[in-house]
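Take a look at these structures.
There are two complexes below, and they share chain A, which is joined by chain B in the first and by chain C in the second.
On to the complex of A and B.
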């Protein structure tokens, strides 16, 4: 199974995302922001970093990169798509998921190991976890506060579309402790913390993040996005 | 030369931590006038000659698509002499 990992100018975590894909047993395919072709990948990861220097708004310029056009089209057709951190911001700017990511409430850039609770295990990216499972993976962001209007929040809560929630104190001011959400279909997931940095206890706080990458391979094999 | 100015502000209901930090810094410097501060972005766009209605309409579209994120921000477009 081929998982594309996009590199925008300013992307930082593409290497770790590709390594996580390989560790999970998939083939990682490097996609360049200027590619208008997805090289026959089965799923795509938009990794973290500071694409286009975070100019204008985080993800606002990357969202119009040539590679995004086929990605948006494929994801709307059901292709699994994971946006991590800056990738989550790109998904929000592309309106593939509702809401927006704004400045952390205390303005500090965060870099810490964070406990999360996985709340939706029916997505293409979370089926390897058990409902309510708590994991610890790195969280590093300056603009990670998830914001949306009350109506959207009620829909997300009502439809179980909150994929992961922060456990304990709210690290960045996200509404309802939201760390990650999914679209209606469950193939697109945006996540602020970094599972790709936690696939091996030698180099991360745990190996808890690997589940995101094994999940997508499993969903591709079984041919379901749910 | 006239320019087209686009002001982008966070919607009133969206928390503005930067504005809050500025509001907290002002009294430390002895400026006690501010009840609240909101921080936004201003774009100055130069065009050849006087801006036309058609150009302003295009700027409106660009402001909605790129310069602002309508999920969290409002914008205004005006011509400044």
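On to the complex of A and C.
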């Protein structure tokens, strides 16, 4: 299975995401922001970083990259798509998922080992987890507070589209402790913390993050996203 | 201002020039005239003034620094030594590692965020320039008292700047230091270290060889920022009055630098450059003169081709501008097309600004008119050298005679109160408030980060080869005895590498001092360099490079002598490292090394406002045996944990160990007060499984290192003799200091 990993100018975690894909047993394919060809990948990851230096708004410029056109089209057709951190911000800017990511409530960059609860295991990216499973993976960002209007929040909660929630103290001011959400179909997931940095307890706080990558490989094999 | 050309300089030899305003002394100006056989043009004057500044020319320190060469050990590990942008060390398996520290002290006082940010940016470009991929940064920092109003201004800004720039570059921050002392009020120290890795064959040097090769400027456009930053900022003492110097601080854009790194690495991978130099202090003046002197000397540059952010800049300003995120490469004409193509791919501005000639002069033109015509070595390397007078300051004798009068805890309540007080002291308290603002995970190879003794990164995912780096300085000891202080800082940094089981390999340094024009400060500096050179020779460690920062003083009050020593070590398999602490009960705790009554220069003395006494002497032979023991303990799998003792003594070390994995310990000590507080160097606490005690005893005996059993692990308290401190209470004391101070 081929998983594309996009590099925008200023992307930082592309090599980490590719490593996580390989560790899970998939083939990582590098996708370049300026190349509108998906090179026959089966799923795509938009990794973390500071694409375009966070100019204008985080993800606002990358969202218009040539590679995003075929990605948006394919994702709307059901291709699994994961946006991590800056990738989540790109997904929000592209309106593939609702809401926005705003400045952390303490107003500075925060890097910590964060406990999460997996709330929805029916998405393409979370089926390897058990419902309610608690995991610890790194959280690291300056603009990670998830915001949306009350109506959207009610829909997300009502439809079970909160994929993961922070456990314990709210680290960044996200509404309802939201760490990640999915679209209606469950193939697109936006996640603020970094599972690609937790595939091995040697270099991360745990190996808990690997499940996101094994999940998508599994979903591609079974052909179901929900 | 009209254009001043070489021909005008010949026609009009007696024109009055503002050399003094540019920081040049009358004899230095006379020397420039002698070199050129005429007065310099204003552009030449600009170049000489920045390149002959203290910051760029090391004119006050050179005579001392040459000891690093004179006393150098023969080391097969050293691939590139002092003099290049950064030294390069062989770490095995075909890998080479480059590392270096630089200071950005003065700019960070004026503009904390940008000063610190561009400090990171500058050192990262130095490492990139060697051909290496930057893989980690560290930030040794010094501030005025933690509760001083100005520290509240300076510290959050500096931390945000280090994080803002480093995080955006995708470089894990794997360690550093934060120390508070009155002498840094008005003189904060921002030292930045970067580590890079490459294959041996990829090493690049700053040289412009081969007539006809092209001089290529790429990266950010040149603006008016940082003009004169080098001479005005780094070489002058801050006075309370005088004009605001803010415009002289550079402004960084880490996004541009990130793209520049990836673009450069792609260019290096295709072997498209003959030589390369980054533009840092002194900007184009430095890059062109150093590249030209690295080759035959001949180079022609069309300065009007430099892409500008501000089209109103004069040629002098363009030569002096310290705009960030720029690189200068020497490229063969046959390779320029591909070079331009890679720059285009990364949207990096690139311009051919000149070519290498077979002459011996650096010639710079502005719209066809010759404005600079100099032998480049005279600019880059043949600057003035001063043998500044130095003399032992009066305080040395006085301090040595001072008898310390410090409370030594002995009762249960006193012991508990002392341990809690030390745990909460700003110099010893938990630094997460700072380090949580730094990305420590990016690149996926971080093995150890703060609060471990050293930072450790994996450099090969298959073989698990890794490197460890630690930086240390104990300015209190250096104040009492700068010669021993330098050796002790070296020993501590090496020990901090070795506790994890890595083998020390090479040394870098950042020497932060007051004004070299003060003979007492100059003596501190001379003694420090002598101590470091002697120490490195004795320990068999090569010095790969370094940085000197003078003029860290306000009025007549200098900072404590602060030689920050960085040691790089190698570990053949990062999976086998010895962790800093224990996570289970039933382990036995031993103290390696003897404890003497060493309170002079200790944190306990500092907390009681006592600066005097006699600092400990470095016993480097013993330190080397201890390092052997620590490395053997890892390879023979004897240790479950090992943690260094330094500031705050055994009390601080035990606090950090029990809190790391929330596993308590029961400790029994003789002479409990002194044993908790003394800072005798060369000591380490190790945890071992009971069945490893025999092996530990044997190793300690063969290395002649004193071994004392101090307790066992387990429980939810740190128990010292009859005093019991619940971990929850200890954690509260340790972790609340920074959030309370800086919110």
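Everything that follows uses one rule, which is that the second predicted complex is superposed on the first by the 226 of 226 C-alpha atoms of A that agree within 3 Å, B and C clash if a C-alpha of one lies under 4 Å from a C-alpha of the other, contacts with A are read in each partner's own complex, and residues count from 1 in each chain.
The rule is short, and it goes like this: a residue touches a chain if its C-beta (ideal position, glycine included) is under 8 Å from a C-beta of that chain, and two chains touch if they have at least 3 such contacts.
Nothing here was measured: the structure is a model prediction, and the numbers come from that model.
J.: Looking at the overlay, does A:92 come into contact with chain B only (first), chain C only (second), both, or neither?
T.: In the superposed model, A:92 contacts chain B only, not chain C.
J.: Under the stated touch criterion, which partner chain does A:105 make contact with: chain B (first), chain C (second), both, or neither?
T.: So A:105 only meets chain B here.
J.: With both complexes superposed on chain A, which partner does A:49 reach: first (chain B), second (chain C), both or neither?
T.: A:49 sits against chain C, while chain B stays out of touch.
J.: Answer with first, second, both or neither: which of chain B and chain C does A:174 touch in the superposed model?
T.: After superposition on chain A, A:174 lies in contact with neither partner.
J.: Is A:60 touching anything from chain B or chain C once the two structures are fitted on A? First, second, both or neither.
T.: first
J.: Quick one: is A:9 in contact with chain B, with chain C, with both, or with neither? Answer first, second, both or neither.
T.: second
J.: On chain A, which stretch or stretches are contacted by chain B in one complex as well as by chain C in the other?
T.: Touching chain B and chain C on chain A: no residues.
J.: Give every residue of chain C touching chain A within the complex, in rising order.
T.: Per the touch definition, chain C meets chain A at residues 160, 163-164, 167-170, 253-256, 258-259, 345-347, 435-447, 458, 461, 574-575.
J.: Going by the contact rule set out above, which residues of chain A touch chain C in the complex?
T.: Touch residues, chain A against chain C: 9-10, 12-13, 15-16, 19, 34, 49-50, 52-55, 108-112, 138, 140, 142, 194, 196-197, 199, 202-204.
J.: Show me the residue ranges of chain A that touch chain B in the complex, using the header's touch definition.
T.: Going by the criterion above, the answer is residues 56-57, 60, 64, 92-93, 95, 98-100, 102-107, 145, 147-149, 173.
J.: For a test of understanding, state which residues of chain B touch chain A in their complex under the given definition.
T.: 10, 13-15, 17-18, 21, 66-67, 69, 71-72
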